[in-house]
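Two complexes, one shared chain (subunit A), two partners (subunit B, subunit C).
Moving on to the complex of A and B:
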């Protein structure tokens, strides 16, 4: 598996640390209820198909990425910097 | 206090040649990690050019030489090599002296890339990783910086504490490649 880091180009999976679904970028707003926080902290989908994950280019440039990939076909569809995706 | 003698990270541990590939520990001199403040990229680049005549590198590239240059070193980071940073830089960037933190070795020979390919996942073919290209990656599971400084020459850097491991891993890879070639 190779991930297309927007900074480094296509790089081997070994250089990356996987950090789960990109829902972590969607922090609940002020006053959000316990349900929203429960979902944000604990609950994750387990999709068969397209998913967006956070990956850390740990041994490479040190950027956090949002990678879109397909869990059924294993195709890696795209990667963007998390700092841009979170804007 | 007695006379203190500086010791290089590899201090004679690295063989000078294995299977036709030359190895040379390199003293890079002053090493400063330069991290521009948010929005200060252009100002820093200007200060670097005005103060030192060096250009800020694009991602994955190096400007100048390994004796006096700037090596891309990660997202919004570069390593200033062989130059004491002038006053003008600290206005625009955080500077960290890392002069004694890295062990550096130059690896030169036709089979250098083949041996390195056993240790790192980076695609080292010249069409992808040409002269002046640099990467942060892992080499034998160690955090590393790898730069192609010539057609068949690489500069490899790891944390100083990993010097002995690097000597061992490079030796094993080079010997393996040499044995295979001799068959």
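Moving on to the complex of A and C:
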């Protein structure tokens, strides 16, 4: 498996650390209720098809990426910097 | 026997080899199989279950019978397929799964029990007593059945791993693959042509055929030479593509040409291809009839290969049995080579023959006669049964396209009635196209054309322009076949030769309702041997289809999984042997520690000294106790460079650290250090460490050795994703700084000498930090203590680490001090009640470790919201406490559980557990840290430690963590 790092280009997945769904980008604000935090930390969709998840280019440039891929076909559709996705 | 004529062997280069200790001669270009055949060796193996004598059956990697062990001793290689072993001078091969030898095997007694040894025999028979299975039945069965054995020693062989990238990967260099590769290469694509054989050509090397007006093998070699000369082509012979994976990734096993005593065996490739062409050819399939496994029975196509390529024949009189024109072609080649053909038996009733051989249209072979080899062949024609003398029977039941790689991503092959074969499904693997026999084009002309077409198609996919070129002229026969799987009759008819599965086993499976092909496979072990049923699976499922009254298409195939041919684990794991498995990280004091005979202990990838033994110390506790007293009474030096160091700078550095730590770091004064906790987003403690403020916008974060990588990742996430608004930059500087703890009452005077300045409480108070100079270089000094003593940590750029360590140790030794290791460090921190990852193990909260006061309510920080969940601040939670034994038993064990003194020690009454244990030389008894329900309110109470594995129990008193110098006067001194 290879991921198209926006900074380094297409790189082998062994260079990356996987960190679950990109839901982690949307940190609840201060004062958000228990439900919002529960969803943020624990509850995840398990889609058959397109999904967005977070990968850290740990053995590369150190960028966190949001990767869109297809869980059924295993196609990697895109990768963007999490810094930009979070804005 | 060896035939006259050229072939593709070099008769000027004879090679001596041995089989089971007996000396033979072969030639350059031979495989072990062809050389054995040339030497007249008929029995080369014994079968898996029944120990039946077996001979060479095929000429390729699908070989089910001729498995041998190469070499002996540590490097012996079991289960080598003789058909794939290139002969070399001095090769030593041995028969396997036989005693005393394959020629005379006493274990053949199993064959007499064959009526009882059918499918499911073990399951049905060895049911009870239950304990007997593991102790008696299984070991006996395992000894009797099986293949070769490993030496159980560390082998000297080496493999390499490599990656390759290309536009087009062509799998197979037969006529189709050569055409596909040439078409793609001429259009400018970057091409890899992978071929399992030692030479290009595929079937062209085995047949008497012309391509483009020259011998087929000569044309193929000319094509290979042309391709190899092109800058954009890599021709990889001896390379089997073994698996297809996502994103056009393929695994391939490249074997080096075998040579005696060469440790390097080959390379495991990961090839990434934008497009691929599957031109893997086809495998000829046998027909099941009684005693079809006798040495001398072999595939017709393989016999042609032996006769035409290697100029050998396993016998003098050959009978041929086929259900297509393959029989005629075989008889023709045999006659041309001067071998007597005693019968040509064609299962097709309407077949005609223009060869001068005894011809039997509509005949069916129903058995062979002989002991260790075929002596006669019995066949039925109409209602007559006849027998002919023959010592070889060549058979062909048609061809199965090698669809395997098209199925590795879940695709199922499609049954083609006309060809009576499974074909690869279109689009089963993204980017893969099919060519030649692999897609059912069985004539040479058809292969050349479909190879060129596949080449053009991938070129166009890639947006390149194909160069128009004529397809060379070649034989263009038709493939007419009458499906034919099994000749009914008495006696055992083999399907899977390698796992000894017969027609009767498959029909028995059907009778017992294992009618799904996957169930039948597992019940009979059909297709489960190293050959994975390459030449037997289709026939077996045809028999199953027959037995269950279904069609073949409806019955379906079992799942094709990688690898296509056996791949040694050593190849996949190349480079990961021994130290290669985990790289080593050494501190700058490593050599000095080793020179002092310190046993080095792993800490992640780092190595740290356990203790520094002195003369007369015979066990670690003596050294450890001495080192603890040495630090507490004098001074000790410990390399702490393995702790993570992260340099944080920028206008928003303080705000960023406030967001990371539970405590306030923005209020920290320049030149001061503060202890901090970081939580995970779920509110549990992730790591602890110190944070030093080196400047207004400059901090140095320290992490534990274990969590350095995790903290860095966490910080990058916090910055890039959660707070990209903050203007801050940070980098790991763990490797850049060597850092040493100098601990003990004499540490101050020692360091004053080293840095040449006063370090009294007024000059350098507890938790102060800053720049100093030593030996003319800049250094950093931190007054922090993990031992509870007056202590400092001094850091210098790593290149000066070794020199500084030597200097510090020398000055310590002058003060009755010296270096100390991890054991003493651990004892002292337990004496002080300081935590490590034994305590912050991922399930503990700041509340659990008594640090809830460090969670600031004046700001947001990662983990704050989730740490405030009611369940994580519950008084009933297990809380950090100290423990000391008070009863007759003085033993504490880390990992043991805690119970009320009178309670039964079961999980329902479990009140906590012990995390760290040490003997405290200062307190004179064993001490422990652990977590106990409501622990902080239970100081002075008794609990019982129970360690169920050892059956040990100790009555303990609950004490506050950190029984040594609880006021901390020593470290502030």
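Heads up, the rule we're going with is that the second predicted complex is superposed on the first by the 87 of 87 C-alpha atoms of A that agree within 3 Å, B and C clash if a C-alpha of one lies under 4 Å from a C-alpha of the other, contacts with A are read in each partner's own complex, and residues count from 1 in each chain.
Note that contacts are C-beta pairs under 8 Å (C-beta built on N, C-alpha and C of every residue); 3 or more make two chains touch, one makes a residue touch a chain.
Just so you know, these numbers come straight off a predicted model, no measurement behind them.
> Looking at the overlay, what does A:61 touch: subunit B (first), subunit C (second), both, or neither?
first
> May I ask you to decide whether A:34 touches subunit B, subunit C, both, or neither, giving the answer as first, second, both or neither?
second
> In the superposed arrangement, does A:86 touch subunit B (first), subunit C (second), both or neither?
second
> Count the residues of subunit A touched by subunit B and by subunit C, then name the partner with the higher count.
When the residues of subunit A touched by each partner are counted, C comes out ahead.
> A:23 in the overlay: touching subunit B, subunit C, both, or neither? Say first, second, both or neither.
Touch partners of A:23: none, neither subunit B nor subunit C.
> Please report the subunit A residues shared by its interface with subunit B and its interface with subunit C.
12, 62-63
> For a test of understanding, state which residues of subunit A touch subunit C in their complex under the given definition.
These residues of subunit A touch subunit C: 1-2, 12, 17, 19, 24-25, 27-28, 30, 32, 34, 37, 40-42, 54, 56, 58, 62-64, 74-76, 81-83, 86-87.
> Which of the residues in subunit C end up touching subunit A in this complex?
163, 246-247, 249, 272, 430, 681-682, 709, 713, 716-717, 720-722, 724, 860, 865-866, 869
> Which residues, counting only subunit B, touch subunit A once they are in their complex?
Residues of subunit B touching subunit A: 59-60, 74-75, 77, 121-123, 135-138, 143.
> In their shared complex, at which residues does subunit A touch subunit B?
Going through subunit A, the ones touching subunit B are 7-12, 14-15, 57, 59-63.
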